Amino acid sequence: MFYHVKELQYEAKPSCPDPVYAKKLQEVLGGQFGEITVMMQYLFQGFNCRADAKYRDLCLDIGTEEIAHVEMLATMIARLLDGAPVKEQEAAYASNPVLAAIMGDMNPQHAIVSGLGAMATDSAGYPWNAKYTIASGNLLADFRANLNAESQGRLQVVRLYEIADDPGVKDMLSFLIARDTAHQNQWKAAIAELEAREGDIVVPTTFPRELEKQAVAYDFYNLSRGEASSKGRWANGPSMDGRSVFQYVSQPVPYGPKPFLNPAPLYIHDTLLPMYKA
Amino acid sequence: MFYHVKELQYEAKPSCPDPVYAKKLQEVLGGQFGEITVMMQYLFQGFNCRADAKYRDLCLDIGTEEIAHVEMLATMIARLLDGAPVKEQEAAYASNPVLAAIMGDMNPQHAIVSGLGAMATDSAGYPWNAKYTIASGNLLADFRANLNAESQGRLQVVRLYEIADDPGVKDMLSFLIARDTAHQNQWKAAIAELEAREGDIVVPTTFPRELEKQAVAYDFYNLSRGEASSKGRWANGPSMDGRSVFQYVSQPVPYGPKPFLNPAPLYIHDTLLPMYKA
Amino acid sequence: MFYHVKELQYEAKPSCPDPVYAKKLQEVLGGQFGEITVMMQYLFQGFNCRADAKYRDLCLDIGTEEIAHVEMLATMIARLLDGAPVKEQEAAYASNPVLAAIMGDMNPQHAIVSGLGAMATDSAGYPWNAKYTIASGNLLADFRANLNAESQGRLQVVRLYEIADDPGVKDMLSFLIARDTAHQNQWKAAIAELEAREGDIVVPTTFPRELEKQAVAYDFYNLSRGEASSKGRWANGPSMDGRSVFQYVSQPVPYGPKPFLNPAPLYIHDTLLPMYKA
Amino acid sequence: MFYHVKELQYEAKPSCPDPVYAKKLQEVLGGQFGEITVMMQYLFQGFNCRADAKYRDLCLDIGTEEIAHVEMLATMIARLLDGAPVKEQEAAYASNPVLAAIMGDMNPQHAIVSGLGAMATDSAGYPWNAKYTIASGNLLADFRANLNAESQGRLQVVRLYEIADDPGVKDMLSFLIARDTAHQNQWKAAIAELEAREGDIVVPTTFPRELEKQAVAYDFYNLSRGEASSKGRWANGPSMDGRSVFQYVSQPVPYGPKPFLNPAPLYIHDTLLPMYKA
Amino acid sequence: MFYHVKELQYEAKPSCPDPVYAKKLQEVLGGQFGEITVMMQYLFQGFNCRADAKYRDLCLDIGTEEIAHVEMLATMIARLLDGAPVKEQEAAYASNPVLAAIMGDMNPQHAIVSGLGAMATDSAGYPWNAKYTIASGNLLADFRANLNAESQGRLQVVRLYEIADDPGVKDMLSFLIARDTAHQNQWKAAIAELEAREGDIVVPTTFPRELEKQAVAYDFYNLSRGEASSKGRWANGPSMDGRSVFQYVSQPVPYGPKPFLNPAPLYIHDTLLPMYKA
Amino acid sequence: MFYHVKELQYEAKPSCPDPVYAKKLQEVLGGQFGEITVMMQYLFQGFNCRADAKYRDLCLDIGTEEIAHVEMLATMIARLLDGAPVKEQEAAYASNPVLAAIMGDMNPQHAIVSGLGAMATDSAGYPWNAKYTIASGNLLADFRANLNAESQGRLQVVRLYEIADDPGVKDMLSFLIARDTAHQNQWKAAIAELEAREGDIVVPTTFPRELEKQAVAYDFYNLSRGEASSKGRWANGPSMDGRSVFQYVSQPVPYGPKPFLNPAPLYIHDTLLPMYKA
């Protein structure tokens, strides 16, 4: 069960409105790697957690913090939209073409649909959807998803920081960037702990290795002519799981035959082979 | 530019048709972490790559292999659908209720839409879409996405292996599981190489740390009452980036004030504050 | 069965082209609360109606009118796109930066995809989809959906009216606004009639009240610290269904215990509890 | 900012697993009118609220409660999936065709993707998306959306109650049904308060009525041949806003002319009129 | 503007309910090539038509007929759902496992969401969306889209006919199949007329041929090793537009060089080339 | 199985960066009729092909070429984004309002999400999805889909050519336009071959004509008042399949009765008829 306090986790106040920046900032609220994604991903991982209590708690602690980040970004976006001039008037713009240029790129839905409020969409106006998230029940897999989400997310916030001028915006982003630093460190720590405990790094660690086709389990196939790819760690030395050695296969060939599919039954009305026609 | 040879990378032939399993197998063809996802993700990372040639080659090599996996899974699904009885006839089923039970759960679109062919959808019939993929231009971020995709993907293939009986199906899956082992090892190796080269683990490593709010960059906030989450590596000891020490904040409080939003201009027709009404 | 006459329900002719306004106007054609939504919602409510003939007729009458509104908006948008300069030429714009600013924000799909025609998308280019609509079979529920759709719809048309300059556009919008006034009144009348007939306001009215957990059926839980929410009608006095009195619970507590989930079977390959590992 | 306590708002424990019911129950978790919808809708209305503090508080209080409902439903679904037999084995089913029938309809993603956990999708496996929600900035419009959501939501939970056998499931649903009763009453109270304060019922109440085409603002157009629709309150007597009288127009005619669209410029490559070809 | 008459274009009445068939029939109502698709596609082509009046009329005539097909299918589906037993009771099913098998595969949303009504979704429960349609402004292109839609549509209806037993269902489908025959013939006739008038078959016919890279305009590239593809009409003889001869290129090679992308500016935080790091 | 060579099929190099054009060019990469669509459509048609080997080969040859087109467009877009100024600085723009106007319309996701790389989305930022494609198993139907895709695709590329200034961009587009000419000719040739072989033009040709309602199989219904539609080939003369004569029905009437739907069972909680209430 959840409780709300009215104070924000961190101040979210721009020095002045900027509806075009509001449009861009939507990316880290409702985009593929925005705060709604991590909020929903961690909460569902926590709700579904069948493992040790401390992992459930970990997911719910960070997931609950992310709701506060959604709140901060929504507040910031609403304030960036304050008093946005929504009308494209030649008269008004004629004396200020720069303003015209900038206002012209406001997201029209911020005026028409949300009435100068934040939306659960990305910077292109595409709505958030649950396929951005994963809770697989396998925590090592999921913590890698989380580390990825925090990496992509921090990268996007940093890019937004770079294109911001407003000191209030930059201040809030510097808080979010720091929290993403914390979360990257924390998920990486949790991954290290699980890899150590499970004694393997290949997810899922519980599938018997002898059931996989071991002969190809460490091959690198050079399928893009030229061998630049042979220069990396992935093509040389012991495999990361410590069980074998990377093999660079310079000229890979197919193991299987040409496929042939049987004709469909008549009631399917696929294209017939001529012999069946007669 | 690409070339195709007609042989499959590995045989994809079931012992006998099984349209219900075909439906389930769609998950790892057209689902969130299916082969289309990794194919598109690695190819776009390669096409867009602005870094060293070997990383571009790495992405395109593995991406090109994944097209072959799409081909194998499509072939297997088409064969599992061979001669599927698409009609639910009480007469036919009365003598074989088990058959009725099983046939009843075939995906109807395999008969009506694709004419016993594979579709680019998941096991619930939801179409593949490009938001399953990421190519951010930052390879450390993206390789974490790749490691995650191979982890979730191998987990799903393993689960499908567990619920399969057909030796032909199991044989092909054991090949795919092994390739996912290879790819998890390879992306992990590439990550290690990049982390070493960039000298940091926090993505992006190029953002000046002094610009983030460093005071909160290693805090863990206990936002779910009870302290089970204090028992993990993420809450104790040096941070994973080696720059600080994890701080467990047992009773976190807000740093920001209560937000207040200004009323919208009249032409937006939001709800008015009563004082503005008069 | 349906018939079409070539005349529009109301004139849809701008004084001059304005491709940027065309982009914005798409919101009330193909957006979440645009005319396609109400057209499809009312028609499906009518087609599926299992209640009195007059309600079926009501839905089909208004639904049929909405097809005409789709036609008017599509016509208006096509005309706003007349002769749109689709090329961003520095030369052309240098002498007229205001034009450049404005033209720059045209929806490129209006040129590339639809060839200066209207599209069934919203102002961000997001396609209309059927999840915008509901036909539940329970008319009291659905008429509330309709009243909501007409409220959101009229609000959006009013906002578009406020940012329009073209007298032809304003004239057509003033017609649509008036029709939304009519429809809000009509759905509200239908709601009042049904509430009176069913003798209750809580949908569905046919579920035995003794089967719900009556002890909590009129509580208001103050879950956001501070008691501003206690000042409203929803927290004081008799409930709107006349069956009880609103209770404001100042410090709500959980009724349930902490959840604990059983470990998954081994074949699922979720994360194992350590005790299971041994 | 938000806090979590580990106790559930209400117990969420079935008597025994039932993976098919788990699939159905997803509808009210991640469906169009499920708990995620109301959670996100109310929270965003609160975050964006520019009106009186008590309305902001109202939205955030109920929105925070809805997070707890998401938690309860996710917990219940995970438990219904406990130990689900995910394999369709003829041998196992031959002796129990009823079991076969029931297990056959489990959502395969509950095994393959979520590892026996809840997903943020509906009962057809379609992912939740943000277009299910609205926060328009106009509270009278939005509270009508909320009343609709609680009406559709309670209707769906009631239907799920009717098809449930498990006493634990029924007990939790009776709690949710009661809370939907409370919320329908509360939103209805808030609507009544706002309608009274704004002095009108037509959203938005702030648009000058003289700017709409008043001649058609109370007409009902009989566009579906036959006059069953004339029998309702919507076609007779004073309009609900008290400003006019409903007019039933038995044989409505178009007010506008036939539209004609100008040919597109040559560079658009639309179909040419023959005269332009020469 | 549109009018409705209450009679159906053709009877839509099954002999008895069949909720599983109702689920399947949804495909040709709300699926990719269902009746909603052709209805919306033809109506928008008509509304946007800038060519001769007879083409506009053609689109609107057939588009208006398709609304009636939507109505017929919705009616049929609602009737197939009549009295559907929505509850999976072991007791009830124990004596009739066949019934259990069949009922188990009903779409749960037909009970929970639509209350035994048709939905604007396909047979997998995926909602109709506007990207299924095209109205490009180029009628030759669009009539090819229409011919395709009628071809895929008739194919799907035929497959549904093959798996139907109910004489009422088969009767209605035989009507729809015949109408699809008519529409395939009609669009093919319109295509022939336009090809003759425009004097070319390559869309758009108005683009100057000398501006395209004519050297490759009739090549067939054999990119899948083996030359089975050389046996078809597409690889031999005069091209269909009568302007050249098909060339079969047995061993195609790239015309372009290896691409190299410049590094991104620092503020983008892409992966850096090592030389830039120093 | 597939192989990649690093050379592009054709050069993809603009003379200078143009991020706004990059946004527009996305349409033919990741849009409804972009290169990803034809790539996936032809590959899946090939993988699923149950007909003669030459048709399978045809699909895979062209499908494999389309992967190269995806690669070319991605490369071009990445280069158009080279060094894009992502910051909207009043200072920078004040001296160059034209630049401001143009830069203002860059897709923000090209900076924030993809780091100056191509995305698998269209020009509005909407992600590619698999419902853009069809592989029905009936090749005559599918080749019509392919002809349509190449027609819409060439039309869009031509429109993009018309609005381009950059000689490098125009050069690459002139190559793609020529390949679309080739593919339109090739699919048209394949259609002609199949129509001749199957001896009919109505898809599917294998359904017995006597099972369709032949009386209406050649009627044209004039459902849009006025008879402009009687002037076309579709309304006069022999039908295109040579089996009948087109009939123009000037005043079409319904063949079916008014529908009436039975009330739903009580446990569905639809609206009740009053007689059932008592």
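Think of it as A, B, C, D, E and F in the order they're written, each chain with its own count starting at 1.
The rule is simple: a contact is a pair of C-beta atoms (placed from the backbone, for glycine too) under 8 Å apart; a residue touches a chain by one contact, two chains touch by 3 or more.
Given the structure is predicted, the values throughout are model-derived calculations rather than measurements.
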- Co-neighbours of chain D and chain A - touch as defined: B, C, E, F
- Averaging each chain's C-alpha atoms to get its centre, pick out the one most distant from chain A. E
- Message: Using only Cα atoms to place each chain's centre, name the chain farthest from chain F.
- Response: D
- Length of the line joining the C-alpha centres of chain B and chain F, rounded to whole Å: 27
- Query: Just curious, how far off is chain D from chain C if you go by their C-alpha centres, in Å?
  - Reply: 10
- Task: Could you list the positions in chain B whose residues touch two or more of the other chains?
- Result: 1-9, 32, 48, 50, 55, 60-61, 64, 75, 78, 86-87, 97, 100-101, 104-105, 111, 113, 115-116, 121, 124-127, 129, 131, 134, 136-138, 140, 155, 158-159, 162-163, 204, 207, 223-224, 226, 254, 261-262, 264, 267-270
- Message: Per the contact definition, I'd like the list of chain A residues that touch chain B in the complex.
- Response: 5-12, 32-33, 46, 53-58, 60-62, 64-65, 72, 75, 78-79, 82-83, 86-87, 111, 115-116, 126, 129, 131-132, 134, 136, 138, 140-141, 144-145, 147-148, 151-152, 154-155, 158, 161, 174-175, 177-179, 181-182, 184-190, 192-193, 201-204, 207, 211-224, 226-229, 231-235, 239-241, 246, 254-259, 261-262, 264-265, 267-270
- Query: So in the complex, which bits of chain E are touching chain C?
  - Reply: 1-9, 30, 36, 40, 43-44, 47-48, 50, 60-61, 64, 67-68, 70-71, 74-75, 78, 113-121, 127-131, 133-138
- Task: Mind listing the chain C positions that touch chain A in their complex?
- Result: 20-21, 23-24, 27-28, 31-32, 97-98, 100-102, 104-105, 122-126, 155-156, 159-160, 162-163, 165, 223-226, 254, 256, 261-264, 266, 268-274
- Item | In the complex with chain D, residue positions of chain F that touch it | 155, 158-159, 162-163, 267-269
- Message: Please output the residues of chain C touching chain F within their complex, sorted ascending.
- Response: 1-6, 48-52, 55, 86-90, 93-94, 97, 100-101, 104-105, 107-109, 111-113, 115, 121, 124-127, 136-140, 194, 197-198, 204, 206-207
